[in-house]
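Presented sequentially are two complexes of chain A, the first with chain B as partner and the second with chain C.
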Partner chain A sequence: MDTLLRVNNLSVFYDTYAGTVQAVRGVSFSVGKGEVVAIVGESGCGKTVTAKTVMGLLRCPPARIAPESQVLFGEKNIYQFTQEEWQRYRGGDCAMIFQDALAALNPTLTVGRQVEEALLLHTSLSDEERKREVVRLLESVGIPQPQARMKQYPHEFSGGQRQRIMIAMALACRPKLLIADEPTTSLDVTVQAQILDLIQRRRQEGETAVLLITHDLGIVANIADRLVVMYGGKVMETGSCMDIFYRPKHPYTWALLRAVPRIDRKSQEKLTSIPGAPPDLIHPPQGCAFHPRCPYCMEVCRHRQPDAVQVDEGHSYSCWLSHPLAPKIDPPVMEKEAVTYGD
Partner chain B sequence: MGKFILKRLLQMIPVAMLVAFFSFAIIEIAPGDVLMHYIRPNMTNEEIEELREELGLNDGIVEKFVGWGKNVLQGNLGYSLINHRSVAAQIQERIPATVGLMGASLVLSIVVSIPLGLLSGVYKNRWVDQLISAISYVGISVPSFWLGIVLIIVFSLKLGLLPSMGMRTVGVDSAWDVIVHGILPAIVLSAGNTAVFTRYIRASTISELEEEYVDTAKSKGASSRRILCGHVIKNCLLPIITLVGMNLSHLVVGSFIVESVFSWPGMGTLGMSAINARDYPVIMGFTMMSCIILMLGNFIADILYGFCDPRIQQGGDRQ
Partner chain C sequence: METENHPLLEVSHLKKYFQTKNKSVIKAVDDVSFTISQGETLGLVGESGCGKTTCGRTCIGLYPKTDGQVLYRGKDVHAIGERQRKAFTKQVQVIFQDPYSSLDPKMRVQDIVAEGILSHNLAPDRAARQEMVATLLEQVGLRQEHATRYVHEFSGGQRQRIGIARALAVDPEFILCDEPISALDVSIQAQIVNLLQQLQEQRGLTYLFIAHDLAMVRHISNRVAVMYLGRLVELSETEELYSHPAHPYTQALLAAIPIADPLAERQRQRQILAGEAILQARGEGCVFAGRCPRATQRCRQETPSVRQVAPHHFVACHLYD
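Showing the complex of A and B:
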């Protein structure tokens, strides 16, 4: 698969009065053409910052991107873009859906004009054609009576409709990459399914790759091809959906999976939460970011950051347990079951 | 919307009545009365008492208020106790000067503060912003009579560019002449409001620029100029409508001082002389007039806001 987006060693800092927050620390991953890659992790693990960096939406200052970071779109590093290249890239090659569609839509412009703006900026359609395209786009995301509704304002739509308008807007110019930052978090489950279906469908139709930011593993299992598990601003484990759900290697991934309710599990089994709290990124823990909460923590974990270890093609993780001298730890019982499911 | 307008109009009636009553009470409580202007050195106490009775000054406050109110309801604002001319006529001949001055200074405030505020907000904490902020702090702090006097000294006395007082040159009757006379008073009257509006627009520009829809527009590929002109401006200027409505009272109060400084023949000068003479029909007349201007201003601001902000228009319809 051709690589569309490659993020190399991305680090983002926030300079605050309390100190420097190391929001993202050396993250690398890639997205292939037409692929759905999900970044999962708890709140504050750097998911959204990563997404915003790829879109070039970080406000610097207060944010600061480390000079050695690279975000390659196609062949080009986006941080060497000129103003014009940026404007072509944003909205044209790469579009974004935000978590809170009500905040992300301009309250005083009609929905039609907001969708139209993307077309206005990236296509040479005439006024007439643009209007028709807006109607078609709104229709394609399931907004009833698009002709009339495009003249309405965001507050006149339901939450799910607003998110669908966001999708229509993002997909208006057929971007190669769609970044979806928690697109369904504020929606109820049925609407969630509709939105996911929409994203899924558009991806099958065209060649739109999706970078999905979420903390909901259920969603991921449905639509993602590959996963990037982040914790404390670092990538803990990355692999295909199968790898992560059925052959997870990292203790954090184990813990994360055990915290998700599953329909095929016995009802009396308790969900396990991960003890402790996410790390303070002003003073991130030395060594492995997860060590303070890891039940398998060893002395070395407290001091040295483990390197990523490749398991199979495309499946790698960063944990000292991979070291030949480390004790052999069997994945917790439930994951063992899962392994048998998978194989 | 119609229902909303009617409701707002009806709400004005009790407000006007309360304003009338309290103004009346304050005049009554203030020491001294209009009699001072009638007393001659050789008058006896009996004569003074007789005059007091004749002018109706011995009546109780309620009696006076009811009498005045009855007349007002019949469309008669009464007569000045000093020059015995009809209050309505006096206000009528003065009001164009005041409203013209207020209007000019309001327009000046808005026209100056919008670009300054936007510039300041967009270049937050840069030198442009610091310069504009410094000027607006001065504008807020400087008392208008002082600014008026300084401007007179500079532009009239030293440079001889602009007239320092009045509204017309004797013997000249042209609109241009009035405009030239109005420049300094309008600047002085607008200074405070301009500064307040600038600060306000700066703050709302800064907060609007942090809204997420700005990120959305950016992610669509809009240039920063397009984001500012196409998305942000409308949202940061909406609160200005309310602000103007609220600050109309500053204009009314300010026009008293400014008119006195520049001898501008408006309601302010009329009011000042009436207050000094305790000429209560005139005081009541212009108080009520100011009250009506204020209420109408706020009313228009509310309606206008409803027309400009789609969210409010909807709410009004549903009620």
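Showing the complex of A and C:
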């Protein structure tokens, strides 16, 4: 698969009065053409900052991107873009859906006007064609009576409909990459299912790659091709959906998978919780970011950061348990039988 | 809806309406009935705006009711006098959803936890009170030295633990848990749920557990009640509800929740519900009729009554006539 986006060794800092927050520390991953990649992690793990960096939306200062960081879109580092290249990239090649649609939409403009804006900037359609395209876009995301409703304002729509309008805006110029930052977190589950179905269908139709940011492993299971598990500003494990769910290697991934009760299972006695709390990124723990909460923590974990180890094609993790001298641990994975299904 | 031998809380035909500025009536809770027995956990689930929080708060008298009756140990919750109200608040406590706004930022943790002890005179002197606070903090997984700190020094999960300690301070028998975990991270949610279960075993607590996370509710509850736009549409024992959901809304709700297992997820039959739940003034008919894939003419005209489809399994739907 051709690589569309490659993030190399990305580090982002925030200079605050309390000290420097090391929000993202040396993150690398890639997104192929037409692929759905999900970044999973808890709040404060740096997933949203990573997404905003890719979109070029970080305000610097207070944010500071380390000079060695690279974000390659196609062949070009986006931080060497010229003004025109930025304009073509943002909204044209790359579009973003935000978590809070009400905050992301402009309350003083009609939704038709807002959907039209991207077309106005990035295409050379006539007024007539543009109007028709807006109606078509709104219809394709499931807004009833688009002719009439495009003249309405964001507050006249429900939460799910506003999220649909944002998707219509993002898809207006057929972007190569769609970044979805927690697109369903503020929605009810029945509406969440509608939105996920919509993203899924759009992705099957076109060549759009999706970078999905979420904390919900359930959403990911259905939609993602590959997963990037982040913790404390670092990538803990990355691999295909099957790798992460059925052959996870990192203790944090194990813990994350076991902490969520399943709707289709009778409950076991006790949930497997992860003791402690996520790290303070002003003073991130020395060594592995997860070591203070890890039940398998060894002496070396406290002092030295483990390197990423490749398990097989596309599946790698950063943990000292991969070292030949480390004790062998039987991973507490979910159904073993599922492994034999293959991919 | 159900006859238990000794229900602790008995809610019958409870109604709570709100009047809006433009004179329309919002039926936040409409004709809801259920019981909770001692030592049991009843999960109350539904989507946002379905009235589950209003229902919980009306049940313990935090809101005045519009109609119906709530009996706690046989006494009408809404007819308690000033003097008995104090005794009632010693038995019934609340854990709130937002651990940020529900704790006073100007108070130290020990003062927050000790407030109930003080007002109910549960400790003879200051030393005994501090001793009790220290024990409580330990029980909820905090350390003694946390007692002198302020709330802003704690994380969300720790704050929720402080809220739990405050509720436990007066040694209640019934706790209304109003979405106690929805503001927390996944790994922290499991910690809090485990803590609540452990405390229930130790102290024989009874919970009304309000949540929108159906997987967590399945884990913690003995019985589950499903609400939709102010009405109780289904009530059953937990395993029965999750394995044989009867109401079309419950079925759709369960089908909509993604499972963190790619292969299981691919094999699922998913029927996606159209539309959204919008609370507005409405006439007769089933509240779910507008979105229900199996709605008939009758559903739009006649409000379904509650019927039993299996032992301890109640559903309000015309399909089960």
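Basically, the second predicted complex is superposed on the first by the 326 of 343 C-alpha atoms of A that agree within 3 Å, B and C clash if a C-alpha of one lies under 4 Å from a C-alpha of the other, contacts with A are read in each partner's own complex, and residues count from 1 in each chain.
Rule of thumb we're sticking to: a contact is a pair of C-beta atoms (placed from the backbone, for glycine too) under 8 Å apart; a residue touches a chain by one contact, two chains touch by 3 or more.
In this text, all values refer to a predicted model and were calculated from it rather than measured experimentally.
Steric overlap between chain B and chain C is absent once the structures are superposed on chain A; the two fit side by side.
Look at A:194: by the touch rule set out above, it reaches chain C but stays clear of chain B. After overlaying the two complexes on the shared chain, residue contacts for A:55 are found with chain B alone; chain C is out of touch. Comparing chain C and chain B on the residues of chain A they touch gives the larger count to C. In the superposition on chain A, A:42 makes contact with chain C only, not with chain B. Shared-chain residue A:178: touches no atom of chain B or chain C.
By the touch criterion defined above, A:215 lies against chain C but remains apart from chain B after alignment on the C-alpha atoms of chain A.
Contacts of A:228 after superposition: neither chain B nor chain C is touched.
Shortest separation of chain B and chain C in the overlay equals 5 Å (C-alpha atoms, whole Å).
Taken together, the chain A residues at the contact with chain C in this complex read 42-43, 158-161, 188-194, 196-197, 215-222, 241-242, 245, 255-257, 259-264, 266-267, 270-275, 277-278, 334-335, 338, 341. Only residues 211-213, 215-223, 230-231, 234-235, 238, 309-311, 314 of chain B touch chain A when the two sit together in their complex. Partner chain B is touched in their complex by these residues of chain A: 52, 55, 57, 83, 86-92, 95-96, 98, 100, 103-109, 114, 117-118, 121-122, 153, 155-156, 166, 169-170.
Within the complex formed with chain A, the chain C residues making contact are 47-48, 155, 157-158, 185-191, 193-194, 197, 212, 214-216, 218-220, 239, 242, 252-266, 270, 272-274, 276-278.
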